[in-house]
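As written, the chains take the letters A, B, C, D, E and F, and residue 1 is the first residue of each chain.
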Amino acid sequence: MTALLPWAISFALIAFAFAMICAAIRLLRGPAAEDRVLALDTLYVNSMMTVLTLGIQYGARLYFDIALLIALFGFVGSAAMAKFLLRGEVIEP
Amino acid sequence: MNDWTQLLQHLPVFPIVIPLVAGASMLLFVEARRTTRTIIALIATLANLGAAAGLAYVASGAMPGLWPEGIAVYLLGGWDAPFGIVLVLDRLSGVMLLLNAVLALTSLVYALARWKKMGPHFQSLFQFLVMGINGAFLTGDLFNLFVFIEVLLAASYGLVLHGLGEVRVRAGLHYIAINLAGSFILLIGISLIYGASGTLNMADLAARLPALAEGDRILFEIGAAILGVAFLLKAGAWPLNFWLPSAYGAAAPPVAAIFSIMTKVGVYALLRLGSLLAGPSGAGAPAPFSDGWLFGIGLITLALGTAGTLTARQPQRLVAYCVISSAGTLLTALGLGGAGMKSAALFYLVSSVLATGAFFMLTEMIERTQRSGEGAQAEPFESFGPEDQIDPSLPDEDVGIVIPAAMAFLGMSFIACTLLVTGLPPLSGFIAKFLLLSAALDSPLLATLPVSVWVLWAAVLGSSLIGVIALCHMGVRLFWSSEEIVTPQLRLIEAAPVAVLLLLTAALTAGVGPAMDYLTLAGSSLSSPQMYIDAVLTGGPPIVSHEIKGGGQ
Amino acid sequence: MEITYALAIGVLTGSGVWLLLRPRTFQVIMGLSLLSYAVNLFIFGMGRIMEGGAPIIDTLKQIDPSLYDDPVPQALVLTAIVIGFATTALFLVVLLASRGLTGTDHVDGDESEP
Amino acid sequence: MKGWPSLTLFTASLYGFWLLLNDTFAPGQMVLGLVLTIAVALGTAAMRPLRARPHHLFAAIRLLFVVVGDIIRSNFAVAGIILGSVKRRSNSGFMKIPMDLRDPYGLAVLACIITAVPGTVWAGLSADGRALTIHVLDLQDEEAWVRTIKYRYERPLMEIFE
Amino acid sequence: MSVENIPAWADLLASSLLVLGSVLALIGSAGLLRLPDLFSRIHGPTLGNTLGLGCVLLASILIASISAGRLVFQEILITLFVVATSPLTAMLIIRAGMYRERVDRGKKATPQQDTMH
Amino acid sequence: MSLAWLVILPFAGSLCAAFVPSHARNAAAWLAGTVAVACIALGIQFYPQIAEGEVVRATFQWAPAVGLDFKLRMDGFAWLFAMLVTVMGALVILYARYYMAAQDPVPRFFSFFLAFMGAMLGVVLSGNLIQLVVFWELTSLTSFMLIAYWYHRSDARRGARMALTVTATGGLCLLAGMLILGRIVGSYDLDVVLASGNLVRAHSWYLPALILIALGALTKSAQFPFHFWLPHAMAAPTPVSVYLHSATMVKAGVFLLVRLWPVLAGTEAWFWIIGSAGLFSLVLGAYAAIFQQDMKGVLAYSTISHLGLITLLLGLNSTLALIAAIFHIMNHATFKASLFMAAGMVDHETGTRDLSRLSGLYRAMPITATLAVVGAASMAGVPLFNGFLSKEMFFAETTFVSGNVITRIGLPTMAVIWGTFSVAYSLRFILQVFFGPAAKDLPKKPHEPPRWMLLPSGLLVTACLVVGMFPATIEPYLDIASRSVLGPGIPFHSLAVWHGLNLPLIMSLLAMAGGVALYRALGKYQQGTAVVPLINRFDGQSIFQFLLKKLESFAGTLTRCLSTERLQVQLLLLICAVFASALIPFSNGGLPAGNQPVAPVHPAFALMWLVGGACAIGAATQAKYHRLAALSLSGGAGLATCMTFAWFSSPDLALTQLIVEVVTLVLLLLGLRWLPPRYKSVDDKVVPLQTRLRARTRRLRDMALALVAGASLSALSYAVLTRQAGEGISNFFLENSLPLAGGSNVVNVILVDFRGFDTLGEITVLGIVALTVFALLRRFRPAPESMGLPVQQQVQDAQIPGWTPDPRALLPEGPMMLPGVLVQLLLPISGMVAVFFLLRGHNEPGGGFVGGLIVATAVILQYLVGGTAWAESRTRIFPQYWISAGLLCAAGAGLSAWLVSRPFLSAMAWHARLPVIGEVHLSTVLLFDLGVFLLVIGATVLILVALAHQSRRGHRKPATAHEEPEAAVPAATPRVAEITADLAQPHPISHAWAPAPAPKEG
């Protein structure tokens, strides 16, 4: 009989969702583009944790793959944006 | 079963595989090895023509042992019909395939003279376009239809921009944006149909329709309606066709030539689905497939196309409006309905595709005679930077044999094209209009003919008349008015495709009897799709079995 | 759950359509990408939504279709995603070419109507 | 060949990575993994022109524990700052730290560590590689930070990579 | 689902790890809102990136190992990737911020129209 | 069969003539002449049969199913007409040989001429209504080419266009009429139709058919009110006018009326329509002829008038009138042709046809003058000439007309008035040109034309005289012709010069006297310009031009109203169309309520979509000015989408969406580099209030539409989501994926096996797009504003003067060094992950697509960190080959099934048990997936790298600055992958200044 885990999972999911909301507010508000990039990166990390939590909930390993991919490449988008801000283009000649 | 029949069994998939393999293998050779690419392209296009001709022949019921009733069903992957994807070939698809193959060969040959050099990968894109069109004509699966429409659209995006230049890019931007939106609509429609009916196979869909629950039925109809709009967009129906004159008018002429069958993919899809969806359930087709709508839309399309021919100042744009007119005529005719109308409309379709195809190529040659001619065709020769120079090792004017009497050829061809698109005798355009008009009269009692018949008559004849005025004006302007006409150097490989297409229309005129025998059956099978449904759902050739499928882990 | 899902589609569609009707090329491409999310979700929804029923057959159990989500729309969405990506790329390049040639990022290539 | 030892080391870790990814020791997977690893390592060798020669495994493990401990500690510290008063939150700033570590891999690991420990972020190395700029959330005692980084991280890293 | 058959100690442990992890992630993200400027905001999400993620991963390892009946620690890979990739983004963002600050400062000296995105 | 030759021969001759070199005047003339003579001979050969009253037929199967047969049918009337066509043709060919100048492209003339002759014979001999229309239109067409023979003259072009427009309109009407007629009768066969006169006349569709056919005939015969094209067609060379505008083409209309006389005539409607058209043409034509200044103009209006006479005769519904009409067709052909020839000779010899300039030519050209006088006398209806005979018959017929007083009195009166007019213009024609003082200042010095040119005219004039004096010579032929039209019940008629002093003769005398008087009275007035008093304002031509202009402007308006070039409107319409069509089924029954229980909302999911929705709306608002913000916001929405897929148990989708999201973001960022930013401040101030208001209205409208769109799609999906799914095809996949296809990831099995064909198409799309992008970018011209280095780089690199990164450095120099270290390690790891996803795709989430994108992303990451030159200095990627290999691999996997006689794309699997490794499972499905994998890598890398390569070109000056070739990218070229070469320098040969090929390093 496990009573705690489902609650903890729900709690965690909601907490992550709130964390995403925080990030989204930053994403919407800015003020600078760099803030948005940072917020986007945070969104990705939070999503990854949400996916992992979902994986725990359903006991399915396939969520791990998604998390793995986010861990591996979630940063590319924000890195590219930051590079764009820094150098004016993503791929320099 | 010997090897020959074994290969023959795979014939329905040839029109898709040949261009695919050709287009892909061309990429193995660098751009500079044009000759190799050209040879591959020619072989593939010829093979495609052969396959299409074979299929059209098969569809006439020539091989009842293999494909009874002339309906060839090819189960891709060996999976039975509602589950796997099937290719279905009947008379209608046979005709369309053949038409496409002919057009492909002629425009390819035409393009060999100069247009293929205007940008990289022309040949591959061209093959993929052919593949997409063939696939759309062959597939019996709704989503697969979407995929092939995407294939042909993607290739057409590339080809419409082939040669670049401001006019093309501007037109291409609109073309792409609208068609992307159209693809979304198509997707929504297809998925809604799936959501309501649980199947994607068109024949299966038709079979399931009567048993749908009321709510599902409405959802299905909404889906079908949305789908219909997407097809109308592809067919160039008003008010979804404003991109067409610019895009077709700006595209490279051989590209525009093969494009003239692209709008017919939409018409084909409307016909096919309309036939299947309206067929066995007896409840009538959903809105955009239904007759009244098509009729009205077709009329306005025809009006726009006709008015456009009168206002167009640039020849290629004028031909683009002719394409709209042809779409309008087709939709009006199909909307009118009636027993003989479908076959008459099919004849018109064949004739008008050949005509506009030839016309597109012709206009470019004619425009070359205008020394002061400016327009899209001048663009590709402009080089934007030092690295954009056209390869001097293959100068513009050294391919092929120059034909004599170029002006006479151009003039005669222009007249022939005019006759074809306006429906004046003696070429097949006239026969087509005659068939349309007489099919419209096809009712037991003359006195009870509905008003719509007379509207059709007035529209068809009126558009012919205005077409005569417009094309006469254009012809006079192009050939006779200009002070600075230069006799162009026409290559045989440029003139021959136009000549071949025109001769085909002449042949179509002479052979209207056999042609109509074929098309009448094609048309009537559309009115009674049960045979199609049965053929698809009862399975394909005997070679299919599941016994050697891979086992589990 | 369904209502949230439906609303999500609605919001994405609304934003996408709004952007699609804007006059700037970049707005249009953003609209197309938002619309593609919406359409993908829509297609996906056509197989009904289900939690914890990934259509990956458990080899140890009896195959019971009702335990799994409908795989067909998923396959369709995959195709749609790929095609969507491809067309976005293409549209992007065309809009860049248009910007370069016409000197404006208006969809009509001129600033006739702001 | 100078590159061979590190190639093997890298290939080995890649192999380990493959097995971990597949979460299996099935013989088929092991053979496949070996083939793949070698193929991938050779295939991408051109993109990894620089070899690392790490040694002192023990130092590495020790460093790992130090870092994990620091991370946990800093986590709570930063959480406190975030939840704390405005005054605590506006104490951040850049600072420069002189650097002796030269090995790029070592520097890379240092960057990972500094970024991973909440409260500090790697902001860049000077062009000559002698000065490191970091951003610190709680910049009250600059000296303490210099010490932490130099002794706790840089020295073990020099030990491992140089 | 397999979540149901785990011993109570693991239940408790995993739950607390999850809660801790999620709270840390939440605090970290809240840092995005609460911290005053870009440079200090960068530190916020690190919480979620490190310990928050670690806790969740541990919980995941725990549950997965118990349900699989053996030790499953693929999650380490995620940690590895996150740690290895986060400096890249962080560095780029912070440098971009530094550049912007310099430009802004320059602009204050000679006021010009806003040319940034 | 020889009947067919009669039609084929001219066309064949036409074709031959087209190939005669353009200076070979004689050869072409001989050819044409031979053809014409051969046709005459052919025609004569039929005479015995025809004289017996037989009808010669020849039928060729064409399309019997649709009622089309190629049927030739020659009866007496057709024979007579065919002879007219051929004999006249032969004469005109002779005439034209001498008329045409040597520098004219005479073969072209004869080619069209013969084609016209063939078409005319076709009309005459058609035994099928539709076939008749075919030839009918052909005559219009060939006449267009003939009229516009001297196309360098604008009047010729205009005249030809007008003729074509009017006659083609008529032709279309005729087609419609014939269709109706055929529909009434049930056949298009002329024999059947001719036999069903009573049926037709009694049918309710008789009137429309009549009107349509009459329109066809009247336009062709230049009858009022469609007569106006004929005078303008006089711009044609005179032989054309001789042939077309006197003898043949204009007669086609009356021919048709005669032909269908047994079917259509005999009703009130016929009388009024045909008769009144004839009457108006008769009088007005003659009236207008008086005032013409051009010789051919006089003749043209006279032709209108005479054709009106024939039409009127036909309209009288009397059999005798019909005979008179046939007779007059012949007579008119002879005298009018000779007159046209005379006019041509005058023109040819003097260089002008202007009546006011010509005078006294009889001195210089006595033979021509004589011929013209005879012709004119015949035209005026002077006794002893053939014109007199038919005119007398006409006068007689007018007096016999029954009906009310107006017709009874009016018709003879009009006839006399007509007679007066025709005498007047005939007199004027002759007296003005040939008599009076000799003309001065003519363009050429007149003299008699060559003998052979006179001969045709002479023959025709002789015919006029012979028939006029000995009518019996023509009698049998007329009889044959009339009999074939009227059948055996032909009334008694006799052609005689003297019928005694009867009413018609009195009318003739009256007209003659009146004509002379009128000529004298008008003597002064006529010297002015060619303004026809009273009716000048009702000039058909100006009305025609006006209508044409109106039509064009209307078409312009219509095009503008019905279409637009603006994209937004088009998209708006598209969306509205979708609504409209979706509303129809909806309105039939409304959206039914769902029957499935709704799952409770998980707050986390709802909150997540709060984020997603906010991001979407944010992106929508920011996209105009803050592109980067919009981009990151849409990334947020995409992430929410991806999470949704994960949430609702679709790991494959989540994986794919995620990685596509990343790649798209990089792609768009690469694009943003070339899209100069927009500034809010620039375009807000100057816009006037009205525009702003309009923009606001538009925005409101779009907003409403967006809301509706969103709401309806959301309602639609809700409706589906809450309905129980029916028994669809999906269960089959779930049940059989493992047992039949051997994969437990059903989605992947569907993608690569069940519906692998879709995937094949999908990867083709990707490949196509990559190729297109490559092709487009090869000739890409970026916006000038974005051509230079980005401002960031300018500022930052200025701090380190003279610093240029070394592409061959082991690590990227500068701040990207450390990321470089990390990213280098990431590449092999990504490779492993990609293979991992690829190999297990069949059973677990993953597959070739995800795998391919992972590799592509890792590759792009190298570019991102190190820059193009650095990344390419150590790898060589040929994306094009990857694309090709991928496609071929996938196609090959499909084709391999043929080896075992199974359909395309059938999966084949092999199992083997190896000693150490255990069970090995190989399948063509894996090969297929490998193809996907390869293609995705190739396509994605190609797209992104092609875009990235632009900045290598971007640093250069715009196209004009040739003098600094590759200097701006120093040392960047060595060992650059071939794609660079392909992108930046399409053909190394094309520019000699290109750097030497890069040395290869080992």
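Quick note on the criterion: a residue touches a chain if its C-beta (ideal position, glycine included) is under 8 Å from a C-beta of that chain, and two chains touch if they have at least 3 such contacts.
Only a predicted model underlies this, so the values are computations on that prediction, with no experimental measurement involved.
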| item | value |
| --- | --- |
| Chains contacting each of chain C and chain F, listed by label | A, B |
| Count of contact steps on the shortest path from chain C to chain D | 2 |
| Longest centre-to-centre distance from chain E, chain (CA-based) | F |
| Nearest-to-centre chain - CA centroid comparison | B |
| Chain D-chain E separation of Cα centroids, rounded to whole Å | 17 |
| Centre distance in Å when chain B and chain D are each reduced to the mean of their C-alpha atoms | 61 |
| Whole-Å separation of chain centres (CA-atom averages), chain C against chain E | 28 |
| Numbers and ranges of chain E residues touching at least 2 other chains | 1, 28, 30, 42, 44, 49, 52, 72, 74, 77, 84-88, 91-92, 95, 99, 117 |
| Sequence positions of chain F contacting 2 or more other chains | 565, 567, 571, 575, 602, 605, 627-629, 631, 647, 649, 651, 713, 716, 720, 725, 728-730, 733, 738, 744, 755, 758, 762, 765, 768-769, 772, 776, 781, 791-792, 796, 815, 818-819, 822, 825-826, 829, 833, 843-845 |
| Junction residues of chain D, two or more chains touched | 17, 21, 108, 111-112, 122, 124 |
| Listing of all chain pairs that touch each other, if any do | A-C, A-E, A-F, B-C, B-F, C-F, D-E, D-F, E-F |
| In the complex with chain B, residue positions of chain C that touch it | 20, 25, 28, 32, 35-36, 39, 42-43, 45-47, 59, 72-73, 76, 79-80, 83, 86-87, 90-91, 94-95, 97-98, 101-102, 107-109 |
| Touch list for chain E against partner chain F, complex | 84-85, 87-88, 91-92, 95, 99, 102-103, 113-115, 117 |
| Chain F-touching residues of chain D, taken from the complex the two chains share | 10, 14, 17-18, 21-22, 26-28, 31-32, 36-37, 40-41, 43-44, 46-50, 104-105, 107-108, 111-112, 122, 124-125, 127 |
| Chain E-touching residues of chain A, taken from the complex the two chains share | 1-9, 11-13, 15-16, 18-20, 22-23, 25-26, 32-35, 37-39, 41-42, 45-46, 48-49, 52-53, 55-59, 61, 64, 67-68, 71-72, 74-75, 78-79, 82-83, 85-86 |
| Residues of chain B defined as touching chain C within the complex | 143, 147, 150, 154, 157, 161, 164-166, 169-170, 172-174, 176-177, 180-181, 183-184, 187-188, 190-192, 194-195, 200, 552-553 |
